[in-house]
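Each chain gets a letter, A, B and C, in the order it is written, and its residues are counted from 1.
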């Protein structure tokens, strides 16, 4: 099979205007992926499927990934002029100081597709697409018209991550019920607090149980007082 | 009126069969419990294995799995009840005719089991319907299901036909149907039925 | 590959008009009747619903509804350590826990570049093929049960299943939820006595296969009900990502054991059965033939299994933190391609944990196969897909 760079240049030669990036992968698996721009994604997908040499006719896996806003703290060395008094005389000197700078890298949702070729028995080629942000620009083009196997998987991504696939023939919730409002696979999803106590070693569960207990005991005490009042 | 056990055996030796209506009635009920053909998850496979040749549930008169809740006496909640499935489970229970019994099979049906922390997992079916026998295990072995079954038979044997503790189907005022929870925007509404499952206060 | 040209032609999607891979639109002659089959339905493999629109007995539209067993496996796995997800993988496809273990172990081994010792590889193959036999026998049993042959074939299948489950239990400690494989090997070693017991069971399997085939294959009713219904064309099967026996019954030669040669599958001689009528009967036959091939693999593996360690010496058990990166690992599970996609951010828990469920994706073409068929056959076509809801909904 072609290397990832060769595939990238083949795409750029075939689909005019397509911008393709390479997302390197640090793990020993060496499965690097191609980052597509959403405008040309469908054309690129068609090319990958129909190209005689690649013939990636089998979309195996499609999934979403949620990348939260990341606060990046980095230490930067800054050189700046400092005025110091040496032996009673003011002198301007260059001084190098370490400064901590913080900036927020905005989060995004990502759709990942794993392609194989059943005809040529090679793969995987991994495609990625990213949304503008996590709130209002969550639209990506659907690859279901190209590979039917994306149909249920894109519905699942829509259900659990909230990426809206334009051009999908039947975009509804698939796993949760229809009037469910949240996207539970997002990393900032808060699940309903509906269990009380369990013997466990997980601190967050114990903390939650303690909060429940306090609330319940409070209400139990209140109820007992109310009962006592009624009896009197 | 209870017959003296020794006298009964003595009479039996002479070929005279003495029983009470209650015993006869309960014997008939416990010997042909028809479970509902209804599997939820992993435990359902073990439930099927229980009905197969090796464990042979037919020995206990319960091999007739009925597809319709109207014909079933026993609901074996075999597996994880998710929030999406819970209303249907309650509805099926409501459709069963009295007398009806419930076995919660496996950790998931009891409490949510390993999936307890999941957002779509109901933390035990006894939040919505009354359960007669709980069997732990993930999944319980077929022997455990048989044990649960025998336990249920013992329970039926001990039911009185009259008095305060009579089973619900003989008690005109007893509750036979339970409210079906509805799909909310974030969770089921209500998250539990306090009439069936008073929220436990754990004090440690 | 010699069959590239032929297969490429069969599976080529290019040059087709837009929408060729969508289900056909049928126009009813009479009045439409909407039927909701499930989620509690005696013939489905669990809690699954099909919203069917009927014109008389003919299916005009069929929409599957999922989620009744959505147990949040992925979300839970992202909150726990890598190894802690292993017992949860057992509960995905709960008939085949050991192949699920293998797929997950394989993905993590790819993520960290872990080697697996010889003996563990052989044990994995033995257990995976035993699992395949259990799955194929029971899925054929369920299929026939749905045809109305209540019990008998399923009882034959479950009789063999119990023998194999006894082997699993004596090796791993559990009948169904084995939790046996680890990253870089297996959990406990198989004793010589266990291997002998396995040889004995495997020696009895060909007789079971003969019996099963004699009982079923030429049965008149089975042929009448199964042949020519639920046809799935190969080009649509490939485009819809169908894998496993369902794909091979449509004549596409794609078995990941042959393609990826993961583990040590390149050492064994086995054939890949293919269908050429693409119908329910072919799926049934492909499963029976695969069962025979699995027996062949088992015989070879049990003959060749070497002595040695079952865990790689370099395998890290405590403080397992893969460096940042991602990996997709897949195996040929009995139901199709089971893959795990993992993203690590360097922490003890996976940042993203995804299961590629063959059962869910194989259902994509359920509507296409059922359109125009009778309602009674829908149950059969659905049974021939062979799904497990634990994996569909996760």
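Following the convention adopted for this analysis, a residue touches a chain if its C-beta (ideal position, glycine included) is under 8 Å from a C-beta of that chain, and two chains touch if they have at least 3 such contacts.
Note that the structure is predicted; figures quoted are calculated from it, not measured.
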Chain pair with the greatest number of C-beta contact pairs: A-C
Middle chain, criterion being Cα centroid separation: C
Furthest chain, CA centroid comparison against chain C: B
Between chain B and chain A, distance of the C-alpha-averaged centres to the nearest whole Å: 44
Approximate Å spacing (C-alpha centroids) for the pair chain A, chain C: 29
Mean-CA-position distance for chain C and chain B (Å): 33
Residues of chain A touching at least two other chains: 175-177, 184
For chain B, residues contacting two or more additional chains: 84, 117, 119-120
Interface hub residues of chain C, defined as touching at least two other chains: 67, 70, 72, 75, 393
Residues of chain B touching chain C in the complex: 37-42, 44-46, 48-49, 52-54, 67, 79-80, 82, 84-85, 88, 92, 114-115, 117-121, 138-139, 141
Chain A - residues contacting chain C, complex: 25-29, 31, 49-50, 55, 57-61, 63, 65, 112, 114, 118-121, 124, 126, 145, 147-153, 156, 169, 173-177, 184-185, 187
Residue numbers on chain A that touch chain B, as the complex places them: 175-182, 184, 189, 191-192, 194-198, 205, 209, 213, 216-217, 220
Chain C residues within the chain B interface of the complex: 39-42, 46-47, 67-73, 75-76, 79, 87-88, 91, 94-95, 154-155, 158-159, 161-162, 175-177, 389-390, 393
List of chain C residues in touch with chain A within their complex: 1, 4, 7-8, 11-15, 18-19, 21-22, 66-67, 70, 72, 74-75, 78, 110-113, 236, 238-243, 252, 254, 259, 322-330, 337, 339, 341, 343-344, 351-352, 354, 356, 360-361, 363-365, 393
